[in-house]
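Scroll down for the structure; my scribbles are underneath it.
By written order: A, B and C. Residues from 1 in each chain.
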């Protein structure tokens, strides 16, 4: 290593070192233990049946599968978002309080690399947890779908469905099982959690306490789910002179500009649960949007953190 | 210096977010509109519904848990059903269906509770006067119907919603409105489910003046799968009765009794039971009287099994048929 | 290259704003100092005198209000300057979830080290600081002295030319302190520059070449240690096995000159540290330490 060489502003290797250390830290904090009750939940909802009210003629296997997916994906969303906030909120203030940060920043580590490494570490842990939960979801959903296919096939055969109709009926049920579209829903949750973690990173760079970071990031999470309402009010209400709702317009504008729109991520997941036609192009667009959000928050975090004194 | 820095940082953060937001917003709006158009994204929640939401469902909406909240609320709404709190139940289902409008199940469940359970409760409520019973029953039936229709706007492909709406209006134990029932079942004429497909026929066969249409419908079903549909006694009889309509155009297929039924005895069993269908459900009589009297003469049916002498009170089963015929033979021998 | 000072502080001023912009505190007032390569420099002063602030400014952890600091000619605020420096903070904490070896590995990697070279360096450092037996133990279970030693190990991982030590022996027992002191002397022999802050004056006296005294943010005195602490007009002679007769002769000689006088006489003293070590250590260790 050339000591005289200039340290580059950005080094993937350094970032990965900090990220790996963050992953180790979080893993040794036993964060993955929560997966045990989640596994129980995912298995338990196998036994949750809808209230039948008109007998087998109104067999609704798709509905049961939807409920299964809703509960599992909802759990994944809550965990990933909360973890993204709490883990990120704890990391940097924790390093400052413990003075671990001093020894890191006294090494040739640009502050940008440190921030990105921390965020990447949190995202890696969220990713690993979501992979595990996704495997559980796919496994339990697969079993339930097979069960529903058998029930539905028996019913359709009893009604003398022609082969083509039988196949079409089975395909409709299978479309609500573990498909690629469902994975899009999982990916959307991961992307949302990444954006929320980036928000928490930004708040933690100027926050003085962990609780403030968690509380503020949670508020942004909630407002982000509401942002599309404010934005749509702007796009659908024409401006007219002497508008008595000017205060509302100003508020809507502020919310739309400053806060992220989490509804887009949630909508993709909702569509995936309903087995709607979510396209790869939608995912590309969503991924691009998430990358823009994360990029903006990381750059702003670096801006604040770069001249922070310890 | 620290306070200046903090203020400066906040200003820069807000300015950058506003600046990037200005370019980001139209793209996000377009994306959302596209998702709404393709029914991937839920429609916005009406302001009236916002006001009806409780804290938990409101929190779920903000947290991105609309569908999950709808699931849990629908389970919780069952309590209102058990306690006959119909207006509370209605309010809950307004919220549930607003949270997850592209889920036909919630519309169906809400309409079932209102149009079936609540209407039945009103009709049987001994604390109401007969007029009040009818008033409330109709109110809940209309509420149920409104929920079906609203649900079908969001879920036009939901066969269950069409079927259940039709079933509600064709139910002989409620206040049947066969025109509305037919309107619903009509949408199921091309369903994969043969049970759904034939409901249209079974409904319009009860509407005076639609016999020709009923005949056409019956023939279509027969051509699709005669063996399946002929398992239903009413269908067998309708094939005979509708085919005997004198107003049918010349040259159409008119199924004969020996083509529909294996024996005259089996024909009589079905036709006897159709009597109740005519009297109670308003099914098309056609040449029923002529066909029945011919069979009565041919089979020498005892008076106890002659609907024109002894009013049928219950369905006729082969065991009863056999027993009455043996009794007739014994009585004849005794004389 | 040798002309470039290891550390240069030029007219350093550092202000800290109080709450609501009032009651600003000027922690460092126009401090200038230079540390030559290979020197051991001690910055001493009471609590709150500005020692740590000066040190942090040198390390780039705080930005000067005015003035400049540099390490081997490179601006302290630039990341480049940190290639050459290792830092041991006061009361160091490291990631408690890591083991000793993992800690040194982590910091080594951050400095760009990798592979076999890093592996060997980890073993070497742990042996140097006496933690080879605890290499796989997590830092959560370490004592204060052990944490201090692991701190030294991480500070030296990339073989820096400058070591900055903030209170390196604070809270450490006499045995540990002696070991750290000996280590500093060894590093000095290797040509490594050491910049340390302490208010344990006796220890500073034992290791430093030059000392700066800072009080209320001002560098009030600075210079070579022996020059600073020598009392110019007094001479010390220590005799062993001197007879009473010899002592009388010396007293008489002094009396004869009329210029000098005997200020005090008595038995020479050892140090409390030496006494402690003598009583608490084994023979073999005692011999090694007393060298």
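Heads up, the rule we're going with is that contacts are C-beta pairs under 8 Å (C-beta built on N, C-alpha and C of every residue); 3 or more make two chains touch, one makes a residue touch a chain.
Keep in mind the model is a prediction, meaning the values are calculated, not measured.
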Task: Chain ID, smallest distance between chain and overall C-alpha centroids - done: A
TODO: Using mean Cα positions as chain centres, tell me which chain lies farthest from subunit A.
DONE: C
- [ ] Could you please state the distance in Å, as a whole number, between where the Cα atoms of subunit A are centred and where those of subunit B are centred?
- [x] 40
Task: Averaged-CA centre spacing for the pair subunit C and subunit A, given as whole angstrom - done: 49
Open item on the list: Centroid of subunit B to centroid of subunit C, CA atoms only: how many Å?
Closed with: 88
Open item on the list: Among all residues of subunit A, which ones touch two or more of the remaining chains?
Closed with: 307
Task: Multi-chain contact residues (two or more partners), subunit C - done: none
Task: subunit B residues counted as touching two or more neighbouring chains - done: none
Open item on the list: With touch defined as at the start, can you tell me which subunit B residues reach subunit A in the complex?
Closed with: 5-6, 9-10, 12-14, 16-18, 20-22, 24-25, 27-29, 31-32, 35, 38-42, 44, 61-68, 71, 78, 100, 102-103, 105, 108-109, 112, 160, 163-164, 167, 192-195, 225, 227-228
Open item on the list: Per the contact definition, I'd like the list of subunit A residues that touch subunit B in the complex.
Closed with: 50-51, 53-54, 57-58, 60, 63, 66-67, 70-71, 74, 77-78, 156, 159-161, 165, 168-169, 192, 202, 206, 221-223, 225-226, 228-229, 231-232, 234-235, 256-258, 261-268, 270-271, 273-274, 276-278, 282, 285, 289, 292, 296, 299-300, 303-304, 307
Task: Of subunit C, residues touching subunit A in the complex - done: 56, 59-63, 79-80, 82-87, 89, 91-95, 97-98, 102, 106-107, 109-113, 151, 154-155, 158, 164
Open item on the list: So in the complex, the part of subunit A that touches subunit C is made up of which residues?
Closed with: 1, 3, 6-7, 14, 17-18, 21, 24-25, 28-29, 98-100, 102-110, 307, 309-310
